[in-house]
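Letters A, B, C and D mark the chains in the order given here, with residues in each chain numbered from 1 onward.
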């Protein structure tokens, strides 16, 4: 028996909220403590984010699939997993959850609720980075989706841990997270002007990987019901 | 067949003792070696604590459930898992284990058995941090409890790894650990005056998450028997 | 039903591409941010590489086995797993994928597509390091191959994480990666002159481990079909 | 069918060799690169060691149990797992493997084969540290042994990762590793004079945990056959 839509949407909201609170909050903490050593700050930010993804996917995956990312929800809808009529609710919950996550991080660090970022992230290298980051993320999700196990949580957490470092953009790979990070003038921020190109690169990369895997794994759509984590049955895991 | 109460209480005592010894001891070691770089010290402290949680939950979970935390025991009692009449014994073991853990860490680093901390941790941002940290912890535990697998050990370890960085309080999220850390005037310490507010925030956050998940997962109470790790049957894991 | 050769070769190409993009890209990022602290740069490089291996083996393993390494493909052919007539296609895909991975990393960091490395890595200690690194890698693969589970992804990721530090060469352990790294005059590079000795040491170490495990595990060849990850059946994982 | 003794002893030899090569080698690498920052050096040393344990236990566990440690072999013999008449062969292989591991690390870093350490590690805090470290290690092993799964590799790797930091001795917790480290005048070394007290503390701590778990888990001895990893049956894992 599938979990009801309000419950699944709440899970997407909460999961994205906690994900963004981790990305933004750990960036603030890391920058405050690292006394100018950016590599050390990014390492702490990376470890916190990768670990949060493992925990959040294991937690919310059995309820809503733990997409936590509009690219994943759209790709899943393309493959026939998430019904198109439920997709807007998923995306709205992710966007709203992300923004609340930024605000929560700011509250926890005594900052104004919202502040527009001045962190410039533009140019072809950034586009290539976001395309690659999201292409790889969807490869991981589709590649692991057949195994129907909780291992996908570890695969995604590990992948993002790597992607923070192998891309020059530090791998946002998620439109909801990108918008939320535009509202934080801190370590993890992104200038609002640069957001549209990031989101475009993310959707192009994610759809490219989805089309490639449609060929690579002929019966791909049969596992689309269970992206990111199996959540059709109450038994879970 | 359920393990006898004295055995389960001993497991809670030992597990909390080793958890606090890790938190306090690794804080002392990290501060001594990091020559003033607080980000590096906190990173070592984080990695040690997250790893200890994985090991301790896998070790003591099959015996007592490895709550190691009064908020978890109370939340589990609320949901009908831990019998109310056994709850005081669990909490006493956790409190006593935590205090012994601080003392053991001090012995291992040639410090006086007990020393009251002067580390100020107060204000609304700290309250929000502890509320959020414990709210998230109980989300993780209830969210993973249905899968009945040892993955919850990795989920909790990963969650705390992230929470050390995304909260300004470094995420105590545990009243027994909070009290024990008040007795250590070292890196991980907390001024005794600040303890009550921390504990209040932890219980409020933990109960809020429990009530939310009661709605989010309708048959939640059926898995309350197996929090944090399944421990009803000798077979375990 | 086995996945068709073109699909498996594509998986080897993509997997090796993303692996090398991680090794080279995270090296560039780490060196740029670490302001001269080589230990910190190598730590970031290590964590990114180990995490990428976990994600990539879980992703591409169910399709092609996720060899991503000519030594593994040859060792598997020796044991009767990969058919000899398919081995050249696997190796070609790995070599080409590796080179494309270097170029992709350079694009993401606004560097020229290719640049010959000047990083000298020669002498007997380097030979001993590469022999040991690849010997250990094949021990891990053959030792875990009987368990037929996805745990091998974690075993390989963990092993390389350790090997980056316990060898003086930082453990290339992979001819395709070695050649690709010769084309990058960055942190992860290797002088082209030093490549042949590295590759020789890698094959000698890998074959030595394979012969040892043929004795150590009498029925080794029966699991050769499923190296690195089981991929014969559509069910995977 | 049980693997033959020569094969199991070879696995213990190889596993301990690679474990010590990791501990000593990564210590040399870390100290060379960390330019005096001991916390950073120890962090790299810790991550390499914890990761190596995961890989080595998964690799050699299905063959010999992957004790890699005389305290574990003796504790397992006490509980009726390892036959007493095979115990000396296990311990000899571990001791010899450890010494070869130190020599291999030295070869890989162009150092003399053997050099006596001058690193002083003495006093009651060190004794308490080694007692606690080995007590905790055996808790982890006995606590996880009933679950009969490969999770024990992750539990042990995680535990040692934590123990490097929560003890002032950095947690040797292994007589074979202790002796091997006495032969290396590098980061990981220990003055030969201090070895006997370390080994005594390790055996006392390990036996204490074993006796405690005999009470804590009434049917403990029935799982002694499968310490550290199940290895009685060819199927493994």
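Basically, a residue touches a chain if its C-beta (ideal position, glycine included) is under 8 Å from a C-beta of that chain, and two chains touch if they have at least 3 such contacts.
In this text, all values refer to a predicted model and were calculated from it rather than measured experimentally.
Enquirer: Going by the touch criterion stated earlier, list every chain that contacts chain B and also contacts chain D.
Expert: Both-contact set = empty.
Enquirer: Fit chain A onto chain C over the CA trace and report the rotation angle, somewhere between 0 and 180 degrees, nearest 5.
Expert: Chain A sits rotated relative to chain C by 90 degrees.
Enquirer: In terms of CA centroid distance, which chain is the most far removed from chain D?
Expert: The most remote chain is A.
Enquirer: For chain C versus chain D, which are copies of one sequence, does the interface use mostly the same residue numbers on each side, meaning over half shared, or is it different?
Expert: different
Enquirer: Please tell me the distance, in whole Å, between the geometric centres of chain C and chain D computed from their C-alpha atoms.
Expert: That pair's centroid distance is 27 Å.
Enquirer: Starting from the mean Cα coordinates of chain A and chain D, work out the distance between those two points in Å.
Expert: Centres of chain A and chain D (C-alpha means) sit 39 Å apart.
Enquirer: What are the residue numbers in chain A that touch two or more other chains?
Expert: 37, 40, 43, 47, 154, 157, in rising order.
Enquirer: Chain adjacency by touch: line, ring, star, complete or other shape?
Expert: It is a ring, because the chains touch in a row that closes back on itself.
Enquirer: Any two chains that touch count here, so list every such pair.
Expert: The complete list of chain pairs in contact reads A-B, A-C, B-D, C-D.
Enquirer: Any idea which chain C residues touch chain A in the complex?
Expert: Touch list, chain C to chain A: 7, 10-11, 14, 18, 21-22, 24-26, 29-30, 33-35, 37, 40-41, 43-45, 47-49, 51-52, 54-55, 58-60, 62-63, 104-105, 107-110, 150, 153-154, 157, 234-237.
Enquirer: Give every residue of chain B touching chain A within the complex, in rising order.
Expert: 37-40, 42-43, 46-47, 50, 123-125, 128-129, 132, 136, 139-140, 143-144, 146-149, 151-152, 154-159, 161-162, 164-169, 215-217, 219
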